[in-house]
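Next come two complexes built around chain A: one with chain B, the other with chain C.
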Partner chain A sequence: MATESFPLADATSDPLVGGGDTPPVEPGPGERKRLTKWQLYSRRFVRNRPAVAGIVIFVLLVAFALVGPLFAKYDHVELDFLALSDPPNPDHWFGTNNAGNDLYAMVVVGLQRSLLIAVVVATGTTILSAVIGTAAAYFGGRIERFALFVIHFLMVAPTFLLLAMMSNDSGGDWKVIALVLILVSWFFQARTIWTLSLSLREREYVHAARYMGVPGMRIVLRHLIPNIGSLLVINFTLGVVGAVMAETGLSFLGFGVKLPDVSLGSLIGIGASSMSSAPWMFYFPAAALTLLTVSMALVADGLRDALDPTSAAGGRA
Partner chain B sequence: MTTPVLSVRDLTVSFPSEAGRVDAVRGVSFDVAPGRTLGIVGESGSGKSVTSLAVMGLLDENARIGGSVTFDGEELLGKSDTQMSKIRGNGLAMIFQDPLTSLTPVFTVGDQIVEALTIHNSRMSRRAAWDRAVELLKLVGIPRPQERVRSFPHEFSGGMRQRVVIAIAMANNPKLIIADEPTTALDVTIQAQILDLIGTAQRETGAAVMMITHDMGVVANIADDVIVMYAGRAIEQAGVDTLFADTRMPYSIGLLGAIPRVDKAEKQPLVPIKGSPPLLVDLPDACPFAARCPIAVDACLAAEPQLLAVEGAVDHRAACIRAEEIRAGLIDGEPVYPIPEIPTSSLEQLPREDRKPTLEVENLTKTFPLTKGAFRKRKIGEVRAVKGVSFDIREGETMAIVGESGSGKTTTLLQIMDFAPQADGDIRIVGTSVTDIKGGRAERQLRRDVQIVFQDPVGSLDPRMTVFDVIAEPLRTVATPTAEIGPRVDELMDLVGLDPAHSDRFPAAFSGGQRQRIGIARALATNPRLVVLDEPVSALDVSVQAGVINLLDELKVRLGLSYLFVAHDLSVVRHIADRVAVMYLGGFVEHGDVDAVFDDPQHPYTRALLSAIPIPDPVKERTREHIVLTGDLPSPTDEISGCPFVTRCPLYQTLDPEQQIRCESEVPLLTGRPGVHVNACHYR
Partner chain C sequence: MSRYLLRRSAGWLLMVVAVTNLTYLLAWAYLDPRSNYVGRRPPLSEQQIVNLLEPRNLDDGTPLLERWWNWFSSILFRWDWGVSPTGQSVNDQVAYRMWISGELMLGATILLTVLGIALGVYSASRQYRLGDRVAQGTSIITMNIPIVVAALGIVLLAIAFNNAVGSTVFYVTGSSSPGVSGFLPTLLDSVQHIALPTAALVLVGYAQYHFLQRSLLLDNIKSDYVRMARAKGLTKAQAVRKHALRTSLIPVTTQVAFSIPAIFTGAVLTESIFAWKGMGQYFIETISKNDVNGVVAVAAFGAVMTAVGAILADIAVVVLDPRVRVS
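Right after this comes the complex of A and B.
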């Protein structure tokens, strides 16, 4: 085919194909168009090899966290006094710590904990930032001024410190940590979304809905938020990375998840102190953490390329 | 015959895309002789712009170009970008569509003209270049060129910027000027100035002009030869008179039939071309127009017709196997396109006074404050966007507001849609005054009666909602029972000529005209009494535009609707409206029945507006008197004590000094026959 002699073009930037005015072919323009939209995204995503590697790694990690406990020979709180600070061996695949905990079990549980916190936090921040950002832009006036005041205040406040204090008070409950993480990480995204929604607010379909008498909040939920969907997907994936990092950072410093509960961060924290005597204590959780964040970052990168928000110019993102 | 400046042979351009190879231009050949103007017309996606970009060597790197382009004896295809840079702007100049973006905002216009001059002529001294820049600005009619040469682009209006662009194009005495829709973004009065100016530029430099446009009127006005393009090919090629008088290819006939004419009073339905152009991917070897052609026969699908000379004509060629049978738009004595029937309304028998008003606007005023200062906003003046406008619309009537951009017509419309309370006037919709509206429930109740259709068919539909949801939205807003929504949406889609089975698709799957129909269906969902139409057809191609106009006409009659129609295109207004108001700088200057206003325009501004519209008839166009207005719209922030039109008025120039004083000091009121035809001029 002649197509192959060309570098495949970015379809959304091609005025003849991606442009909103492309006349559909009769018959059955609908099926054809709608299919290509999703095919297009997946094709563009798949073209980004690192992103595909990222998604594979991420799926494997999730699978590991879910089915890993089935293979574990020990519980993560169980102490094996016969194997203190053992290096990896057939009985303890990842070795043990100085109290005799099985590191494999701990990594699996820690990964579960870290993933759970990350997903909860990313979901929470995405929803919160989307609603606040778009509502502020749509309603304008006092609501907008108040929302922006809060956002700008949080931007200059030392939130990580607040986070550390609050989570320390809670005694390391992961639910409290997740909640606090949401509260201190939604505002940067909200501000980006606010800026983007300012232009969305002036779109004719938003005017049209207003002139139909559709209530304001419904316009925000039905017209504004779906149209920044691609940004939200990307924010979500990056949010997972950010939340994992923040949670690990906290736990590493000792303000996060506390024993007997473990997370990747607390494991790394403990492992770092015994780097020279028992390096496996550090390397296994650190590897899990690196794989998790790198894979999500790659996926986010691929998604951003595939759903480039500028393609919304043609009417669809 | 003189040797052509530009000779294009069998030009092909294709782009890669996710859907396959797009053949945007498929074998186009033409010559442009020095001093002649070639008009290339076609709808969006016909390949006309791609052709011009291919000639200029400005296509993306991923485009594949074949054939040959010879400019001044030199083959252009295959030249590197550096080699092309020496030719572009020197022998070959280009005028782009959007004057707002084709000048760099951070340099003065003088700098930009000087750059164009010195880059191709390094021996030219800076001083000489500046002098030439001033001379060029003077030539293109910029007042006070000595001072203005140091101004930045944002200090010029759109029309003035286009003049600067033309000055840059003329800078190096090019042999060929390519103008890609140079007037599409401009108002009609400015368009007339710019077309005049391109003619001047052509005479000054002796250049050939290649004019790309979608407007048959512009072609009739300026071109010597015409190429009609469709689906990447030239389908008819002839001298301008021949093409308009003896059109052979059905598509060209359709294009001409689909345009509303400002010079025709009788209400004949427009003739739309059904369907939409084919996607240029994997085209079969058949006439690409066959699916839309009313006289297609089986042989049309056998092979793609070649562009062949029409019998008995030297330079008239058409790509239609039935070209010989077609004479002046008729085939076997019948028109090629059957004229659609539009029902007439029983309301029309009723005299206007006896019909109920659906919208009454009294003394509508809107001012925007101008503020300055970063911290504390100080009010330093105000923009008077609308100044005391009054009118009413009766049942079954279409009222049009026409005016140039900045005249306040859209603001008027948005004020009505916002239900903005008036300090010194009132807006009444079907008898309900907007000042009486308290609370969301009452507002929603009133919104059922008034709905809006927007200009942009792409932007007015939420791309994330299916067509069903789009049309159902107003129904859900007024709490229609869910069981009734489905049948009502089907009914509406049927009403606007769409297949209800397609309601689960997204707007992106529809073409521009179909999307506008969806917008109309949405507006009709709540059975409104008044539909506000904000330039509903100006973003559509002419062949599609005709279908939408006919639909609006038909719906008005069938549903007894009233329309408030805002447009800048007077031909469309003449076709669709019953009454018309001409707006200038926030106020009406003429208002009355559409035939009275168009046949006997009184106000000098209306006269100028009407004469500025190019008529798609080269003979008429040449003999017609054009009133070309000088200058631009004054700023709406200025305090004007007299008639706002004084600065541009041709009549004012002919008055004696005492009469002139009256124009300058006294605001003219709308006088004449109230309700039939009034105008705001002291001396008309």
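Right after this comes the complex of A and C.
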């Protein structure tokens, strides 16, 4: 109840703030009913059919990763010596590998691992790139030059090689992999955000805040970053796609997540070695991985249509 | 023009040198050549290991600064990139591997850029019509297929195709067959090998140019100078080709340069899937064998490719953009 009444109280106490959250006014004759911000966003999002399909697939995948273990008859490290390299059957739904591991259990665990890494990395990258990009634009001068130098340097640096070296050295600890992935993937987004913030820092409200004596870092956090919020939401979804791809690439080569821990990438790596004899070892993890990346990309596309006021792809409103 | 290019090249050279040196120092923090000899049967004594590693400049008993200077000076004065822990010359390895990878990366880059731009022009000129919708829908899916899945899927399709035809049209492993001689047979053989890895790289890579070119061209088609060109009596195709397309190609060319690292990463994965003995496979080999000098050579190769791409993009911008005057 408290949370529901909050926007109302907020709107009455300060009519200038939260204009999008004001309760809908009774439509007068010939006047269209006003939509709240979230109604508008969701209406524009739903109009993009592939995006709706994307979010449904994504939710199903997450549900599969969370609920899947409840139905698993085997543990992903458990070996069934009576079923070596079995094709999919009622006992092992996705089949088994040549050591007798149940592929269903491995795909569920691998999906969990890949999702966890992706969400952690996307969160970290979004925060880091937002703070560095806007701060560089706002403070300018030496800070800006230094940030841009680091960004350009990382653009040339062989980041995938550094990533492979560091995560191989960590022995496949997913936390280290996630951390290193954040460190080598924030800079592209930071550059985009920097370009956008250059015009943002000249806005009147930023000047007003500065002349009121608001400290610089608070202006960045309170006035600049919220104004690129929609971009950050899109960056986050695209960051999930990028992180999943980088992590699965690494794990496929054997430099990422290592046994007994599995990720979708390492499962595909195992499947690739037995493509002709046991193709199901490739099909299931590959399908899960492709559904994950494509669905997230479709969601990002829909979010762009919904959140970008200049986008015409969603039709009117 | 040449002075401008010289200045840009010098800047990039500095960047490549800095990246290579940084990778050397980082590589020592994460790779340990000594561990290759631990656990050998019969066990080697400490002194034996040092005796093996010392002459190869891979002994971590030597101070890092000294190791670095030995490495850097031998490149600087003798163009010698050092040896692997087993004593193979890095120069020899890179000398033939770089052409194999270069061929794959260059071919794929050209193909995917041209395909992406062409599709971008096609869908921009048919905005929101069926052709545009279908092309965009396909592109957003192909762009987000992980390269590993794409490459392995292509392998499966090619095997099925070869079986259906009854002869090996596409090779799924290696970059060339042994014992092929003569110009035409060699050409045909390399096309049969390169087709599939290139197809995988193009499939996942073209879409970004499709989207970029489409949105840039749409912005330009609506601009005043294109309307002006139409008003002068040019047909729509002429106006788009001569006025809108030329301006909208400029940001695309800069994008190409900075996507080369991504293509290199893609090449690492495709080479490992198609068993090419190129730089990508060297990348995997050197990291798993703690070959510090080899890893650094791979990093240098990647950085040089990026630099070459960036310089080519600079040239393209000068050619395309009449506002850029460099002389």
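Definition applied: the second predicted complex is superposed on the first by the 273 of 317 C-alpha atoms of A that agree within 3 Å, B and C clash if a C-alpha of one lies under 4 Å from a C-alpha of the other, contacts with A are read in each partner's own complex, and residues count from 1 in each chain.
Definition applied: contacts are C-beta pairs under 8 Å (C-beta built on N, C-alpha and C of every residue); 3 or more make two chains touch, one makes a residue touch a chain.
What you are looking at is a predicted structure, and each value in this text was computed from that prediction instead of being measured.
Novice: So, does A:169 touch the first partner chain B, the second partner chain C, both, or neither?
Specialist: second
Novice: Have a look at where A:245 lands relative to chain B and chain C in the superposition and call it first, second, both or neither.
Specialist: A:245 sits against chain C, while chain B stays out of touch.
Novice: Can A:279 be said to touch chain B (first), chain C (second), both, or neither?
Specialist: A:279: touches chain C, not chain B.
Novice: Quick check on the superposed pair: does A:297 touch chain B, chain C, both, or neither? Answer first, second, both or neither.
Specialist: Only chain C is touched by A:297; chain B is not.
Novice: Does the superposition put A:160 against chain B (first), chain C (second), both, or neither?
Specialist: second
Novice: For the complex, which residues does chain A have touching chain C?
Specialist: 50, 152-153, 155-162, 164-166, 168-169, 241, 244-245, 248-249, 252-255, 265, 268, 271-272, 275-276, 279, 282, 286, 289-290, 293-294, 296-298, 301
Novice: Enumerate the contact residues on chain B facing chain A in the complex.
Specialist: Its residues touching chain A are 14-22, 24, 44-45, 62, 64, 275-280, 291, 417, 440, 443-444, 447-448, 451-452, 454-456, 458-465, 473-474, 477-478, 502, 504-512, 519, 522, 526.
Novice: Where on chain A does chain B make contact in their complex?
Specialist: Touch list, chain A to chain B: 1-3, 5-9, 11, 14, 16-18, 20-26, 29-30, 32-34, 36-37, 39-40, 43, 203-205, 207-209, 211-215, 222-223, 226-227, 229, 312, 314-317.
Novice: What does chain C use to touch chain A in their complex?
Specialist: 15-16, 18-19, 22-23, 26-27, 30-31, 137, 140-141, 143-149, 152-153, 155-156, 159, 258, 261, 264-265, 268-269, 272-273, 283-284, 287-288, 295, 298-299, 302-303, 306-307
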